[in-house]
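Quick notes on the structure that follows.
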Amino acid sequence: MSTGSIDRRGALKLALSAATGAVAMPFVSRTGLAAEPIKLGSLLDGSGALGLEGKRMIETTEYAVDLLNKAGGLLGRPIQLIAYDTQSSMQLYTQYAQQLALKDKVDVIQGGITSASREAIRPIFGRSRTLYFYNTQYEGGVCDRNVFCTGSTPAQTVNHIVDYALKNWGKKAYVIAADYNYGHITASWMTKFMKDGGGSVLGTDFFPLDVTNFSSAISRIQQAQPDLVLSALVGANHSGFYRQWDAAGMKSKIPVGSSVFGLGDELTTMDPSTTNGIVTCYGWYNNLDTPATKAFVSGMQAKFGAGVTDLSELDTATYDGIMLWAEAVKKAGSIERDKVIAALEGGLSIESPTGKVTMDGATHHTIRNTYLAEPENRTWKILATFPDSFPADTGGACDLLKNPRTNKQFTPDLKG
Amino acid sequence: MNPALPARRASALGFAATLAIGLAILFGAPHVLDTFGLVQCTGFAALAMFGLSQGFVWGFAGVMSFGQAAFLGLGGYAYAVAVINMGDSSIPVLLSILVPMAFAGLLGYFMFYGRISDAYIGVITLTVSVILFQLVNATSGSQYRIGAAELGGFNGIPAIPALNAPFHPDEPLDIDGIWYAAMGALILVYGILRAVLAARLGRVIVAIRENEIRAQLIGYDPRLYKLIAFMLAAGVAGLAGCLYANWGGFISPTVFALPMSAQVIIYVLVGGLGTLVGPMLGAVLIQALIIAAGSQTVVDSNLGLGLVLVGFVLLVPQGLLPVARSAALRLVARVRTPRPGKAADTFATERAR
Amino acid sequence: MDLAGLLAFNVLTGIATLILITLGLGVIYGMMRIINLAHGEFMMLGAYTAVMASGAGVNIWIAMLVLPPLVVGLIGLILERTVIRFLYGRMMDTMLATWGISLGLIGLITTLYGNVVRGVSTPVGSFDIGRYGASLYSLVILATALSALAALFLLLRFTKFGLILRATMQNPRMAAALGVQPSRIYMATFALGAALAGLAGGVLAPISGVSPAMGAAYIARAFITVLGGGPAIITGTGLASTLFGAINELVSFKTTPVIGDVALLTAAILLIRVLPQGITGRYLRRSL
């Protein structure tokens, strides 16, 4: 009867089997034939003032998820990366955070670059109970059960810069910083460490993130006549300061230490005369002589091209954040938030490009190696190594094992 | 019989239709949309109200205020600071309307009584918005606080307490509740503005826009009426700011910045200058476009927006609504009469520019 | 004493920078009464030209002083022919169209070169004012600003082209009756204004971060300075830049750059309130 087209009996058969299939489908996938992916959300700035730092972090996120999926995923399920480019816009951070939490319903979120963006999205993920990893080096002090921070903090880095400065350059510092919470709190730490070491701070100037002209700042610094300058300037616009400092002939007169310089592509795009000698301290440098470092760099270059020569601690911390989470999921045997938190708080370590990284259960921060270095002709010259630095910024005030309901950011007390 | 509808009746019909659609959206949305969609639409409602304020002050009062973002921001910040200090959201909502109105009163007095010409008003209001941005952006230090609320500077003010039932601070509104509040406020404001325009005050304002010298010779003081219109629009923008702050529970100085002022002007241009509904539609359309543009990587969002703007200015300078409306009118006229007659311009009260 | 010298030097540099930023906008607004909101982006294009050219090996001075005006002047010409030309007399529409152009240019550059901040190093070193170090480059900025001002003055005052330009500005119909094509004059004027903006961007590239959105930092102050200056292009721009530039630098030094910016903008607004036509609307009316 059929001449190639569907007749009524055929249509009914088709409809019936389709309906049965539709009803049976959930059962089929529940037996694991099509594994439902684990969703990893990412919120990073691929463009704008923070695009300088964000670009590589985004690539590292893809790289790490790729590695995990190649090794078979987690708990037999693939990992699906849902990433949004927040374009250095706070409005987009809040918007996409809500989207990741309410619409995409991700199982974990890795992201945020500026401390301002972190503080804007932290409450959103707290409300939706989405586990949040913040992987950027920052001013320290966040104490929130839902948040784990893998970036280095002032107690692991800035104190070493200040020690070096006091020993080699002098006792009088001038502090310049970006005008938002990171800049203010880091400037407080710099002041505290200077005073603790017997030095003093002659003045502190703050600059909004879009300031590009530092001529008046350079004049003010010269007028104060410090022995050294400590910089917590952030982002692409502030990088102009270092060029203008060099152009005014100040490089040979007053040395500079910075808690942010070099995390982007400064060494490749700026002249050596501008970059040489600016002392920094981070959890990783891309020319450390270890097999893990070399493997990470070559792995990234294999995936994204030989032009990837400007990796920094921001990227390895991003890697650490994703790997620590993966480790915890494996240990807990589940992606349920409370179980993963318990696994992380139980003391977890991974082997990272920077060496061994351990999650401290009480503070939700990492115990890691840090290194002091300065640029020399477009590469980093390592000056000192500090193994297993402890994130002491909360001074013991943050103990999430004892007080899991704490939810604030501790800041340094300068009156002590 | 004259195929053209009497102006008044058409206007009233249009108002009724808009109201009906608005109420339908108000009550229908929570049943049709999921949580995320509802949150998105709350944001649309806030920006639509912002568009209304710009459409009113520019399209009807003829005041080229290019810094309405200043009032949006003042309203949002006023609400945030007040609600953090007071705990109950009822007074802060009022403040979000009154603080921008007061500021507009001062600025308007400065501008209109100084007889500053149209184009200059645009640049001055734009500059004032930029000044506010610079000032608020620089308040990151913890010493910048009003009562218990830290201004936060670049970081903005996070975790702003949401609206609660009037004078019951223990009953914060949930997502549905905030939607009803936002959309309801939008419909209310639209109704109020319509009423103002139909009343004598509105007619004088429009007359001044049409021909300031003639209005002055008849006996109306254009400076006063422009000031009133300016303040009214500022109040609407301030309320929009309050809703905007509730949308994300967050506000930051970017609300004062240049792109925000640019966006609202684009809303009005695309929707139709000289109408009230146009800017609201323009707001939703452009905002949806921005979100869609941001989620894709083919065309840069600025490039796309720029092309849209230039395209509109060159090809559809009156905006979508008037074009759609005149197209609809032509259709109606063609249906009603056998011969293809020229559809008369019946909306004398709402003539574009 | 050294400090006073340094401060004076900074003030002069600030004034010169403001003159450079404002001149192109002043030409377009003064001549054609067009509010060109893409002015900041013309500067950005000039800066990118300088950075890309010097990155490709072109001599830094040519990359900064010669190429940007040519390239951006050409772009301005194209934009005038394709968009602006249709909108003469419609001030609101030109404002909006140039706003759209500004967004489009930002998007285009972002697409082509990515949203990263580039830079080029200053080609000259530093010198000392007493015991303070100052950048020799500020002298370059000073020289460029003064030369541009002088060149424009010479063009308008002593050349036939300048005469035609001024005539068209005063009375386009009469100029047309005398055989001049106003549309061509407008085209040339817009290109000239764009070229000046490009020059400003090229010269400022070494001291500011070059990114697609860098123009936004300049547009507000450029506008308010043009309006404060009034209808006379050269004297108006010069006087207004001197006043506002000095206020900006002095307040910046005393407090912060942000307060300095706010002071500039506020002073400009107050000036417009007192002199609604700008400085040269009341004084020196007949000047160029």
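Labels A, B and C are assigned to the chains in the order they are written; within every chain, residues are numbered from 1.
The rule is simple: contacts are C-beta pairs under 8 Å (C-beta built on N, C-alpha and C of every residue); 3 or more make two chains touch, one makes a residue touch a chain.
What you see is a predicted model, and the numbers here were worked out from it, not measured in a lab.
Trainee: Per the definition at the top, count C-beta pairs in contact and tell me whether A-B or B-C has more.
Mentor: So, comparing the two chain pairs, more contacts are at B-C.
Trainee: Taking each chain's centre as the mean of its CA atoms, which one is most distant from chain B?
Mentor: A
Trainee: Could you work out how far the Cα centre of chain A sits from that of chain B, in whole Å?
Mentor: Using C-alpha averages as centres, the distance is 38 Å.
Trainee: Per the centroid of Cα atoms for each chain, what is the distance between chain B and chain C, given in Å?
Mentor: So the centroids are 33 Å from each other.
Trainee: For chain B, jot down the residues that touch at least 2 other chains.
Mentor: Chain B, residues with two or more chain partners: 134, 137-138.
Trainee: Could you check chain C for residues that touch two or more other chains and list them?
Mentor: 110, 256, 258
Trainee: Can you list the residues of chain A that touch 2 or more other chains?
Mentor: Correct list: 87, 179, 206, 208.
Trainee: Which residues of chain B touch chain C once you look at their complex with the stated criterion?
Mentor: Within the complex, chain B touches chain C at residues 64, 110-111, 114-117, 119-120, 122-124, 126-128, 130-131, 134-135, 137-138, 258, 262, 265, 269, 299-314, 317, 353.
Trainee: Under the definition above, what is the set of chain C residues touching chain A in their complex?
Mentor: 3, 6-7, 10, 13, 110, 114-119, 121-122, 125-128, 132-135, 137-138, 206-209, 211, 213-214, 217, 249, 252-253, 256-258, 260
Trainee: Touching chain A in the complex: which residues of chain B?
Mentor: 34-36, 39, 43, 134, 137-138, 140-142, 152-156, 158-159, 248-250, 252, 254, 291, 294-295, 297
Trainee: So in the complex, the part of chain A that touches chain C is made up of which residues?
Mentor: 46-49, 51-52, 55, 87, 179, 205-208, 210-217, 219-220, 222-223, 236-237, 239-240, 243-244, 246-250, 253, 265, 269-271, 274
Trainee: Spell out the residues on chain C that touch chain B in their complex, using ranges where they run on.
Mentor: Per the touch definition, chain C meets chain B at residues 35, 83, 86-87, 90-93, 95-97, 99-108, 110-111, 212, 216, 219-220, 223-224, 227, 256, 258-259, 261-262, 265-266, 268-269, 272-273, 276.
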